[in-house]
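Each of the next two complexes has chain A plus one other chain: chain B in the first, chain C in the second.
Let's look at the complex of A and B:
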């Protein structure tokens, strides 16, 4: 456990305070990953920089072309924002699959990305929504596609002291799904999860993104599969073709949670179901 | 530049309606603060990693896993533990009554956390359905009663709240 906890109230104060504390420091937000590691003795740091009091990170803003989600927004808080419900159907669908209600009250969107677990549900959904991540270091901002942030399990391209401040998601008229297979219906770490976002022109898929969790070292964008279904009719045939192709894009492992072969197979099943679900909705809407 | 050294954190908060001023260790979890510093033993530690829900407490009206929250993060906030729940007459809380009536408790270890989760649910949704109750309790593990009686007790409490 750390010997110091610092609670800045603004980003300006944060950048001022950082040089004054031990270099072995970590940002603390929701605590659901960091404190778990600390409780288990895996977190060797001298100081926690608690960013949960930074109001600048705690809101969702809407621009003409995008939705900006503050990194400090709690998972349970997402649904309260009309812009999230209106423009981010995949993220909205992922919320009930994210841990438990009490953990959703704690965990932040930024923390879900910073922790860089391949199973991160909010991250997987945001990748399918085509989010960019915005990082800041001493007032200097940079941005990159969210999916490009991850380098491996628990590894990111985040620099020392750099802070995720927001996610910017373009507004595009899409529908989609978030399907997760875990040890039980809710509150389990996924064996595999699929986030699908598609823009339709009638029954034709005009544009698509497919992201997967727990089946690669990082949250995975299935670029070939998304390309394959783009321009095709949303149909059972398209769903089958996508299911076959996505299995060639993933690289799951066998671990305590599942087997590599089973996970690979389930990626196909989940994506086919996701596409068929969209097709059913389209038909129902007539 | 001179480094800020460690030292205790001065925590000011409201616990079960009472103002508290305490110096705590910086790495103290909220659960350690509740059980060891305040001596409120109703909140339990099960897994210490957010899986079991035995340590749930209400922070600013929301259920949190107190084993995963830094106590310092409670600064200026309001904490309610199982000891802080009361009925309108100052006696047992409706959930405590219905849990007894329905036989929803066996060993009892998980029950403070379950009741906190149920209280958080009924505060935001006083007419919760059985499905709502099941969803809210996904983070609470009970290895005795099998959940049916727990869900029944929460449902029954709605009319008494």
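Let's look at the complex of A and C:
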């Protein structure tokens, strides 16, 4: 851990203070990745800039067309917001799969994105929700689709000192699922995970997005698969077709966590189950 | 027999409050004036020639004190254990990634860690071996002796080859198991404090303070009477704090002697993973032969343990595995050959079950395959062949009356509705969709304590001291590591003295207070220290009981009537004297109120040439059934419920026994299904809890645990030993249940979803109509 940890109270104060700190600095949000890395000797920073005091990052706001989630909102805090429960069914479904209760109490949505792990559960869910990420550098804002933020494992397009301030998720009338296959019942890094968001018109899929975790160098948008099921009836046949196609879109690896061929196959199994689950719900709702 | 007031009762743990309230002091919590910190410099590759070690960069770290290398070791550079091939610190060659090469001492932990990273090691990489079977090949590079075999054993009984040839049915399979990491919450930790007489006091998180004493005295070249080892509250051991704390303590000791100040050495999780002991990975080939009625006529086993870079406890781990390798069956013809082999990976050692769970997984899986081939129910097959009193084990030892295996198996069969489930298809019919359920069985026996191979260590001492106020201090040489020893031993002492339980205090183990009592391993503490306490307490009991009787007579009791003693009260027909009053009277009579006790295990024998003999004094037994569900699409297994029955003799504390059983089962489920340490090219890939997954409470099965107490006359209050028993049969039961549920035989632990998925896919290719 570095000798110096600085905790600005406002964004304005942050931009003012940054030039006075050593260039070997990092933002500290929930610390669940950063502190672990530091303890393992993988962090060579001179200073951490603790952004957990930035009020601007702490809340969820609702506009007419979107939900804005502050980057500093803790994972455990997400569910408390009615707008999240109402408009973000995939993210809501992902929360119980996210690490452990104690880690959810610390980890933030922004940190989950900035860490840029292909296995990030909240990020994968937000990608399926079609979130945009909002970044700020010295008062200058820019935005891009969240899925476009990632360049590779632990690599993003975030510039030096640029800060993720929020995620903007469009309000669209969708349902969905988050299915994860981890090393045990809960509290583990996924071998594969599927986030599915679909908008239905009767039993027809009007619009769909599919994101996957841990099966590509980045949180992956399965664009072809989403395209393939759009316009089709939500049915076991559609689910099977989607499962077959998604396996061709992913590029998993073999590592200490799992095997490439297994992961590829599981993408199909999970997506099929996600779609079948939506179909069952649709039937149950009549 | 007299009614017991304390033994057999679920009294509250002695350490419950301090642990629940966070007041327990672990090694890391101790502070001493002027204390320094050590950090290890570790070997980056599986095998290297050390060319030089330089601290020229490390020196610049503020707070840096000194570098410690093998040159600072005062005695011979060999850690005294079993074979003594492990140097305290390597001189020219290091043999596994993570091996301690040197240590850095600094005035803060952070400075020590930072400086350790800056120590420059110049080295040349050497060829290495990571596969034990390759290590046994003639052409393999030599890591140990002429054949890379640390240790080998054989058991020969009858003519197994002939019996195999003539048998009605033969099954033979190869099995493998992976590592298991102890995953104690508290990593290795020690503080060595130099004393004014040139000696050392060592505060160590350990199961075996006397091993620490051996290690520190050797490295520091000090007389044993100048080294005092005090066990700190130990946050879990499971075998992982049997041998290796001695190495860690020896390192701290030489740092402390060089710096002339107390030195604290606390491992972080990664270095603990990388360098400390593990359950041995194993490979085995097992064959059983049976006649047409299902009588097992022969068992042939070849069993290989991956010992890692140094032998540590491999020889005795292997020996226990060897003795139990044929399973708890009476078999006329047995041939078992076993090997512990050197590789360039972390040295493996003790882990709950000590070489037994690996081979039990193999042979109990194969027993089910034998039953299938014979078209017999696997429980019936077991009942036909198990050891009963009067039967002889693979080593020719006759089983005595303290054997409840048959009752255990029948109990579990009944409690699982076994016959209904296995023979009646209706349970299978309920399976819907991708999820199928199944049930599997296993049986095991366990030789309590150290047995013939460790008999020279199999003794224990106790000192029981009764103060004037009738409180009692007890010193023993075996440790509490979470398993409940403080409580169980207090109960034994209270019962023997007729003292109130609350009056008894077990002291922290201090090697200067009690004679070398051997290690706290092999489920031996209740038996060994319990008997030692009884021996120490017996003369005290006599004095107190006589004094209490005298006092009762003085108070007008009828001397012809029997005196009863229970829960700290002595009475004759309603006239009473308390334990405290009796003790006060003893003191005023100037009686000796402190006594030593000593217990040495009865004789065992073992012939190295044919493996015949009375290997252990007494055996505990277990029967385990696992109910599982298997997801046929993902291969994910969930252990739903574990039914188990144990004969471990008298249960001293039912709640603690239940806890030990539940913990052992969950650790067994965790090993069977989840724990997967991965090495690639001699480098450990997942030395952390992020990627080394163990079972959590969410993976916990439902437990159905039954104790059937077959008294052991030689045990304290007729107890045997429990700690390891519940883990041993779990993996086999789970694997048998997976076979029952999904139709696939997984022959390696852990039963990862990937393996099951692959097997299921292979089945589908062969028979498209399969599930």
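The definition used in the following text is that the second predicted complex is superposed on the first by the 286 of 286 C-alpha atoms of A that agree within 3 Å, B and C clash if a C-alpha of one lies under 4 Å from a C-alpha of the other, contacts with A are read in each partner's own complex, and residues count from 1 in each chain.
The rule is short, and it goes like this: a residue touches a chain if its C-beta (ideal position, glycine included) is under 8 Å from a C-beta of that chain, and two chains touch if they have at least 3 such contacts.
Keep in mind it's a predicted model, so treat the numbers as computed, not measured.
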Which partner chains sit in contact with A:48 here, chain B, chain C, both or neither? Use first/second/both/neither. first
In the superposed arrangement, does A:144 touch chain B (first), chain C (second), both or neither? neither
If you stack the two complexes on chain A, which partner ends up touching A:233: first (chain B), second (chain C), both, or neither?
neither
- Please indicate which partner A:187 is in contact with in the superposed arrangement: first for chain B, second for chain C, both, or neither. both
Open item on the list: On the A-aligned overlay, A:223 touches which partner chain: chain B = first, chain C = second, or both, or neither?
Closed with: neither
Across chain A, the partner (chain B or chain C) reaching more residues is B
Answer with first, second, both or neither: which of chain B and chain C does A:103 touch in the superposed model? first
Looking at the overlay, does A:40 come into contact with chain B only (first), chain C only (second), both, or neither?
both
* Considering only the touch criterion stated at the top, classify A:262 as touching first (chain B), second (chain C), both, or neither. => second
Shared chain A footprint, chain B vs chain C, residue numbers 36, 39-40, 186-187
Per the touch rule, the chain C residues reaching chain A in their complex are 113, 117, 268, 270, 633-636, 638, 673-674, 676, 678, 685-686, 688, 690-691, 693-696, 698-699, 753-754, 757-758
Note: in the complex, chain B contacts chain A through residues 1-7, 9, 25-29, 48-50, 53, 56, 62-65, 67-70, 72-73, 75, 117, 120-121, 135-136, 138-140
The answer for chain A against chain C in the complex is residues 36, 39-41, 181-189, 255-259, 262, 265-266, 269
Given the complex, residues on chain A that touch chain B span 1-7, 17, 19-22, 28, 30-32, 35-36, 38-40, 46-48, 50, 52-53, 76, 96, 99-103, 105-106, 186-187
